[in-house]
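Two complexes follow with chain A in common, the first pairing it with chain B and the second with chain C.
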Partner chain A sequence: MAPNMLSQRQLALILIAPGLFLVAALFLYPLGFSLISAFTRPDGSLTLEWFAKAFELYSGDILFTIIIVVTSCVLTGLAAIAIAGTLTLGENRWVVGTLRALYRWPLFIPFIVAAQCMRTFLAKNGLMNNTFVSLGLMEPLSATSFLDWRGIIATFVWKQTPFVALLLAGALASIDRATLEAGRNLGASRPRVLFELALPQVMPTLLVALVLSFVTMLSVLSVPMMVAGSQPTMLTVDMAFRINAYGDYSTANALGVITYLISAGAAILYLKRGLAKEGAP
Partner chain B sequence: MRAERQQSLRSGEAISVRGLHVGYGNTRVLHGIDLDFSPGSFTALLGSSGCGKTTMLRSLSGFVPVQSGSIMVGGRDVAGLPPEKRGMAMVFQSYALWPHMTVLQNIGYGLKLRGVPKAEIAAKVAAMLEFLGLSGYEGRKVTALSGGQRQRVALGRALAIDPGILLLDEPLSNLDAKIRMTMRHEIRAIQQRLGVTAVHVTHDREEAMTMADRLVIMEAGRIAQVGTPEEVYDRPASAFVANFMGAENILPLRVEHSAGGASLFAGDAAAELPPALRDALPAGRAMAYFRDDVARLDAADAPSAGDLVMAGHVAARAYPGGVYRYRVKTDDCEVTVDDATRHELGAKVGLRIPVQRLHIFPASEAGLAA
Partner chain C sequence: MRTLTIACSIAALMAATPLSAQTLNVATAGDQNMVDYVKDYLGPMFEKAHPGVKVVSVGTGPGDSGSQKIYEKLDAQKASAATDFDVVVIHQKAAGTMVKEGLLAKYTGGVDTAKLVSSEAAKNALGADVSGYVLPMFQSQTALAYNADLLKTPPNSFAELKDWVSKNPKQFGYNGIKGGMSGVAFVTGWVYAFGGDADKLVKGPYDPAVKAGWDGALADLKTFNKNAVITPGNAGTLDMLNRGEIAMGPVWVDMFYSWQADGKLPPNMKLKLAAPGMPGQPMYYAVPEKTAHRKLAEAFIALATSPQVQADGIVKRFNWYPGIDAKNLEGKLDQAAWNKLFTDITPADLSSKAKPFPIAPYFNDILESYEKKVAN
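Entry: the complex of A and B
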């Protein structure tokens, strides 16, 4: 029995070897390399000098990045709840049908295209302001550009909402509908059913979707580059700048480690909640 | 505490349904239902699947939009109101308890919606749990309860808001047989004690008969018969109802009227038709429906003595307990009969059927159910 099991284990190892090799070569090796580079001088001695430099130059951007991503996550969550809630509890067939047909579209648009769309939409003389002006809602002189932090948040929310809404609507569709009907039967309005009865049942899914969105937003370069451009900006832009302008891989790697810690923070928050829930009686 | 509860209760409310038409898209499910529910009554909607009984209940509760017709409750038409405005409490087949809430939160939710203070909710829920035999379960998670306990909590959640009307959507079909029996009696006893008007949907004939004081038999979106369990069981209004209520043996007959009365003929056998049936049945072909326990097996040449006695032989035998169950073949038909005495396979027997226990319908009407 034992030799047979061993050979099976060996077979399994052989089967996963190509995948394992790819992960190691394309992910683990560069990650390790970056980590080492962030903590060492060119001569190989350990140092925190790159982190000191990163904080000295970019502490404002670190804060800016966290605020942008957290705000975007909150708004994305709210928009996704509104969409998924309407899809699940909506009674107007026309509204639900239209929303169902439209809401997934941004999923198929790359970030860079989304950013370009937002540039033409949110610019000082962009589509949005022009529409307001032509509708008589705004004086042409008071039109301002939204291509700053607001533009980044708008792009992130627009791009990530369908993803979160998709997961959330799927989870909502799979809960026992009778649990929602029971609420309405006892006298709960539809918003109360959504927030008190439906959402608590799908909280884990919403959190997973938001953590994934958080990490995605943290790693996007094109949107802050194209939409906002000027200071303050997001860490991805700073990293690209350190590398492209100065060839300063060490500081860029230090910023990378900081980004990694921020996203690890989000993951820990999620895991903690999951554990607390499982540990409850 | 219990006396206090009882005092605070509203008594059951009357429901009056008129011309109710309901459908999904182009498919009509209910074709003009007229039905009254008196306060404090227990009505079972009974029918095979797809007959519209669940749709009927869901249109009462507001989850299925009504196409036309009215549902009058307490002097107002609720047919156009959303579910949350109807004040009817419903118990679901899947219990539909909220898994993220405790027993206390589940039962207290309806009260919370009504703005009842927390302390009062806790007191009411404690009283309700005592009432349901679940004292001290407030802090339990509903996912940690057994099926029977969950259904009791679901019942408590519905009753906690002191509804005038209680809707039960196959509440017992997810429970195992033994618990189902006890829950039947419990639900019935609770309904009697509170005096709430109950409407119960089920496809289980025995469940409907033991729980309800009135049965509504539905067939293809229409009401086939309304009556007490005895009425529906003993005097089915149509071949469909007779068949649905368990009279599954079908015997083709011929009815002949003569000056002195009327006679029944089944193959070579003949019997006098009782006076009560004489006028109701036209001459010609007819179908008789009867239950397994109505007929007896007798000697092949036994005298008729007013009964219909047909010659046949035993085709199959089983022993479900207490009596033998035979499959008997005659020239015209094959029927199932319960009899206490043992007969061998192939034995010639006389199938004795008391005429007054047959449900006889003219063949033109009976064709539907056969």
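Entry: the complex of A and C
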């Protein structure tokens, strides 16, 4: 039996080898490489000067990036809860049907296309403001451009909401409906059922979806580049600029490490919650 | 691409040799329109004037990387008796490197039209001395585009622009330095105007202490930015001009004209080159040191830089500024084409206010000082 076991173990190793190789070659190697480049001078000695430079030039952009991504996550979460809640608890079949048919669409639109659409939609004399003006809802003079931080947040929320809503609606559909119906029978309103009975049961799913969205938004280059001007801007644009304008990979990598740390912050929050839950009786 | 380039060159050589006719190989870095310019326009014209000569046009791709491919090819053929390319069309950065490494011939003495060239860029390519080695094919230039309906008298200088913007907040837009070269050109123009000795930035030598003298100018630019709109990119500035959201902004002149020709900009838009000027970039005609057809290559470039060809081909057909001094084109162009390119920015403006970009180390200093003092 033993040789057979061994070969099964070998087989398992062989099976995971391609995946392991891909992770090592396409993720671990570049990661290690960028870490080394962020912490060393060209002559190989250790230094923090690239980080000093990154903070000197881009401290405002680091803060800007965190604010944009956190705000987008909060708004995405709220919008996704509203959509998933309506899909699960909605009683008007027409509303639920229409919403179900429509809400996934942005999932299939790449960030760069979404950004290009927003560029003409959110501009001062763009589609949105022109529509309001022609409907008589707004004076042409009071039109303002949303092509700044608000534009970035709007694009992110529009693009990520369906993803979070999709996961959340799936989770909500799989919880025991008896508890929700019991709540309704005892006279609880639908929002109350959603927030006090349904959501607590799917919190881990919501959190996973938001952490994934957080990391995705942190890594998008096209949206801040196309939608908003460059002052302030997000770290991805700064990294691209460091490389394209100066060929300066060290500071770009230092910015990359800062981005890792920001996304690690989100991951730690998530893990802590998961561990606390597992530890509980 | 490279294989294709080599294959084309070999095919051309094979096709040409048995006829004992001469083949002139022209390698062009740049977009397809530049390759087509040689293939469909210049080549046939030259063949007509020189019976028995065949012009083969090869493109190596847009941007500095296109010039890099030409450089690599010439570098690789350094040891051989003759290079495959007889005429090359290259960017400024690569021209400096090629001259330094002795890959280009000092040919302009043999070309009469060299006397018609007035631009500084024919002597100095981002700090490298290239005089004698290159002639500009065309000049692309940045300028301020403005809405003539909203603004009857555009500012004549950067100082007037500063005043105008403080009186008309949020009517001027540019794309910072991370969204494309028109914004970079504007910031460079600002430093030329307010940062002290502009000539030194263009000609060198490099002195790392110079950037400390820009502090005042950059602090002013930060104040200026409060009343300006930061647009998303070169196209972003043109978009906002088109929608009437801003009244003025820096643009690439050739981009401006092609957008206007496509109906993407209203006809009431005009251009202004404010003093002391804004930077632009040329493309160069050069001859490899080891070409087998030096005389023919010189004749080809003489034709390409002759006033008539510069007028008909460069200006009229492709909306570029001429590589030779624009005053030589007077009378060669019909009035409509002349009006289009030179009404807003006169030949005199071009010759006095079309500046080169600074030498590379100052260029990087300007960008980084901007990031440090203005953007963050």
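Quick note on the criterion: the second predicted complex is superposed on the first by the 278 of 281 C-alpha atoms of A that agree within 3 Å, B and C clash if a C-alpha of one lies under 4 Å from a C-alpha of the other, contacts with A are read in each partner's own complex, and residues count from 1 in each chain.
Here is the rule we go by: contacts are C-beta pairs under 8 Å (C-beta built on N, C-alpha and C of every residue); 3 or more make two chains touch, one makes a residue touch a chain.
Fair warning: this is a prediction, and the values are worked out from it, not measured in the lab.
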Between chain B and chain C, more extensive residue contact with chain A: C
Contacts of A:237 with chain B and chain C, given as first, second, both or neither: second
Touched partner set for A:185, first chain B, second chain C, both or neither: first
Interface residues, chain B side, partner chain A - complex: 61-63, 82-85, 87-90, 92-94, 96-100, 109-110, 113-114, 141, 154, 157-158, 161
Contacting residues of chain A [partner chain B, same complex]: 176, 178-179, 181-189, 192, 196-197, 200-201, 203, 281
Chain A to chain C touching residues, read off their complex: 56-61, 119-120, 123-126, 145, 147, 225-233, 237-238, 240-241, 245-246
Residues of chain C defined as touching chain A within the complex: 175-179, 183, 225, 229-233, 236, 239-240, 243-245, 364, 367-368, 371-372, 374-376
